[in-house]
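Shared chain: chain A. Partners: chain B in the first complex, chain C in the second.
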Partner chain A sequence: MESLLNTDWLALAYNELPLLLLIVGGTLVLLADLWWPQHILPRWARRKSATVDVHVPDRTPLLLFGMLAALVAFIACWRLWVQHEMPNQMGMLVIDRFSLVGGMMIIGSTIAGLALGWGYLFQHKLPIGEYTVLMLFATAGAWCMISSANLLLAFVGIEILSISAYVLAGMDTKNRLSVESGLKYFLLGAVASAFLLFGIAFFYGATGTLSLVGFTNDGIMQAPTSQFYLILGTAFFLVGIGFKVALAPFHTWTPDVYEGAPIPVTAWFASAVKAAAFLLFARVMLVVLPLMPALGTQLIAGLAIATMFIGNMAALWQDNIKRLLAYSSIAHAGYAALALVTMATIPEAGITSLLWYLMSYSVMTIGAFAVVQLLGRDGEELTSVGALAGLGERHPWLAACLSIFLLSLAGLPPTVGFMAKYYLLANLVAAGHWGLTIAAIISSLISVGYYSYPIVVMYFRPVANQTPHNSMNVGVPIRLVIFFAALAVLVAGIFPDRLMSFIQNSVLL
Partner chain B sequence: MIEAYLFYFFAVTTVLLAVTVVVQPNPIGAAVSLVGTFFSLAALFVLLHAHFVAIMQIILYAGAIMVLFIFVIMLLNLEPEKVKLRTIAGNRLVQGSAALYLAGVIALAFFGWRQFFTQGVVANEMEGTIEAVGKLLLTDYLVPFEMTSVLLLVAIIGAVILARKPVE
Partner chain C sequence: MLSSYFPIAVLFIFALILGGVFVGLSAWIGRRPYNKVRLEPYECGLEPADSPRKRFSVKFFMVAMVFLLFDVEVTLLFPWATLFKQFIASGLGVFIFIEGLLFIAVLVIGWLYVVRKGALKWE
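Showing the complex of A and B:
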């Protein structure tokens, strides 16, 4: 009984307010979905659409409630960020600025993901309530991953995130591709989870603890067998987490899953899921790398190089824009892994560049997917790059936004993508990895080839007597997402100082 | 001393039954062997004074999960010949890597062999009993415990979404 009372539960609840808000919000949405009235709006206010049966109740307001819950959680994160200058550990959860910035990033991606579902889900007859619930719960899982001081809790978080992700990918049960992507993701993801768990078990065997804080405290590490088990654990862990973030030999699921999943879900995969997995990766490597700096750095560097080149080379041959963006997301995982390499020598700068990179990548990839989604016709997603022909004339603003996102993904100034790559490479040079820097620049140059392809098609390819269609997915939220993403890409690209100092203030080791 | 003999007996039984699971052509036979594996694993947990885990092993794995397995096998009505057809074609690579993996595990076992004999395993008498596990779950491990319930909720929602008829 004593130890029960020893913990200050109120303080824990206060410090974990974002987590609680996400879970409570998700549960409320679940209940509201159950008791949703047949017709909440009067007849004249109901959505008018030719393809949709008006008798199906429109549950879109649930998305709004989900966004509200996420927004409150975001504000709570911000408040905690202001209050916590020093890291604070409570039980298995650690509250520091690193995890709070990560939390803000992921919750922001979730808000965007929910906004993208507006209109789209109703048109495609997808369950709106469950979509909202799963996204909120998955974000709670991501929170457990990034703010966990214990590998046990981190694994529970990974599983919450992954299981929600499998279901979201396969949610469109009428679409064969979506079901295929859900099943593929599930089967391969289960194997990856097994590897991850095996790695964690070996870590436990090597150090005698699952706590990331007490990892190095004991003299256990001096024993040669512990070193051996630690290397084994790291290898298994790299396989598992490499799958989750799509590093090269374990990336093969990415194009199929990203192509099959509904576009709002894909955008969320590329931003929130990837960022959460990378932040956990960083947290574990922060403890493991000092124990085996040379070998660990070489392993991650090898994976990063393979990922960059495979992702960028494969993307050159893609004609499906979702697959193109999927391969681009693989390549970007490679660049972000380079930030982990620098962590062995200059940990603070390495984490800063990782956060900076993930943040900018999330914004630009969500923007790019949002434009692609907006261009879909009623009930049909836009898939081939060729269908973009003539977009520069038909929708000049959308074409401009898509060009901005693609240029940012390619890493050209004056966008945030350039700034992120610049800091990353500068740190890489500061850490003395010249070879890696040159490899990153070369693969970046290759990537310009396929990022410029849709731009060329949009502006210079003549429209091949296509029936012009004006019936775009109308929706204010998706336009807002595109607008804010484009604004963020340009503003943070031209004036990066404020955001940079914000991130630097967040990394206190 | 008796504990050591019991350990060897159950360890050998576990491995033999596990091998039976793999080589058994009849799926029902394989499933029953798997039940036996779970029971002897449970006995190993008892020897480590982890009574709670042992009981859970029997109730959950040998009980609930295996019943589901056997249900599915009987529903699909797989005959041995059909099962053979369903194996992956061109599986040299898979077999090779599995063999390599097995060799690695055995090598690891030999690696830890000497250590095992010199030190032995001294289990804490209290550890792993129901009382100790319950106390830990509601104090130190409260957050993971609660998050596991979220995990189960997510899994239920997911199963319902994927299994129900598409909305028309």
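Showing the complex of A and C:
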């Protein structure tokens, strides 16, 4: 109670402004959604013309308000980043530049995810209010994960994020695949959460504290049993978090969930959810790895190799573009896990390359999913790669953008994907992991095979029978997302130094 | 130490004897007009063994879910109420009061959502 008396509540509110904005914004959208008018026309006009009554009012302003709240939260993150030279711990939360950069990354993905929902949700008759609310609350959960100094708060954050994500995956209740994906994600995710909690319990047994700051060598090295509990805890934690980020033996849910969920949600899963889980993973490994460097490195390296090869090999056989991008996201989780491996020897460079990798992956995967979403017709999503045939002639700009994103995912210059892989591999070499470097390069070469497949189809496969050209999904926001993502991929790929120094300034250990 | 558990052992033995005697008596004296209804654990009410894929209205699920949510949430007010006086004694009365109000406000927003979405409409 002494600490409560001495707490400076205003300072806490100021430092947690992004979190507060997300929660308050989400709550306001929720309430506005409840009292949104049910009919466009007033009652007296409705009786006269019954046909107009069919049209329900557009709830897109709610989406816009959600985007606004997220944007203000993003700016607040930026302001805090400028002000915070040193980490600032307040109770269970810690405000440092690492969490602020992570917050900007995730809130940026959320803004993009909300923008992708513009038009799509109305066309597919999905609940716009709930979509916005769940995304904002999930982002608040992600914030709790990445800025927590306590494993318990991190777990609460994971659950806020995951439960919102389960509902978002199964949101399209008229689509069987979406419902299936929601159920699968929920059942498997609940088991993974149990594993995670078990791991946290063993961490507590090993160290006697849930605070990540309190993990020190002293208590663990003295008692031989606590070393054993630490290994057990790490193993359970790896299972749980491995599920959330889709590492290899725990990845099987990914293709089904990514395929079934509505495309804006899938794009957001691949960027925001993955980044949040990886940042928490990094925060925990930052304190756990020094306690058991050899074993911890081997465990993560094994998972990373398996993930890269399984993801890339399985993607070679995919004909559904959503599944292809899902397997690609699995493979990229493997690459990002390699950055964690380097954290044992060169922690600062390891975290820098992880942030850099996650940031670039978020941008290019959102861009790729946005193009796929834009190509959907008449309320149907474009799924098969074969349907891309002739896109190079019909929509040269879109085809060019999709090619840029796919080349970036494959890691070819002059894109940001190449830069991310370059820093990653340079760090691996610097840390002395030659075997891992070679494995990453080989799996990268395999991945060029399936990333070039849609490009070849777009530009070189003749269109078999010219189907009548139906109206495309229109929407300025989605075009803006594609434009900015493509711009970011190219600019950050050609001039990476500004962004790189920004990230390097964010990692002060 | 162990002797403090002796009354429990007595209870177990007594329960065992009592149960055994009743079952034995009814088996010895009782008549046996066995039929389908007699062999069921409950002679009235729902059928105990049934298809698990039986359909019933989604309204029941809604009510059960809402009940569970609010039940669990209201439980969290108990520690708040019991610690209230201690907080007042240490000069944090306003703090704990506002905390409680915030918690209840969150519940009220949830309740508004349930009501406005028509989860409690029975027709």
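Assume the second predicted complex is superposed on the first by the 483 of 509 C-alpha atoms of A that agree within 3 Å, B and C clash if a C-alpha of one lies under 4 Å from a C-alpha of the other, contacts with A are read in each partner's own complex, and residues count from 1 in each chain.
Quick note on the criterion: a residue touches a chain if its C-beta (ideal position, glycine included) is under 8 Å from a C-beta of that chain, and two chains touch if they have at least 3 such contacts.
Just so you know, these numbers come straight off a predicted model, no measurement behind them.
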{"item": "Which of chain B and chain C A:91 touches, first, second, both or neither", "value": "first"}
{"item": "Touch count on chain A, higher of chain B and chain C", "value": "B"}
{"item": "Touching partner for A:163 - first (chain B), second (chain C), both, neither", "value": "first"}
{"item": "Which superposed partner A:255 touches (first chain B, second chain C, both, neither)", "value": "neither"}
{"item": "Which of chain B and chain C A:30 touches, first, second, both or neither", "value": "both"}
{"item": "Touching both chain B and chain C, residues of chain A", "value": "4, 30"}
{"item": "Residues of chain B that touch chain A when the two form their complex", "value": "111-112, 115, 135, 138-144, 147-148, 150-151, 153-155, 157-158, 160-162, 166-167"}
{"item": "Chain C residues within the chain A interface of the complex", "value": "86-87, 90-92, 95, 109, 112-113, 116-117"}
{"item": "Chain C-touching residues of chain A, taken from the complex the two chains share", "value": "1, 4-5, 27, 30-31, 34-35"}
{"item": "Chain A residues touching chain B - in the complex, by the definition given at the top", "value": "3-4, 7, 23, 30, 56, 91-93, 125, 127, 130, 133-134, 137-138, 140-141, 144, 150, 152-153, 156-157, 159-160, 163-164, 166-167, 170-171, 173-174, 182, 225, 228"}
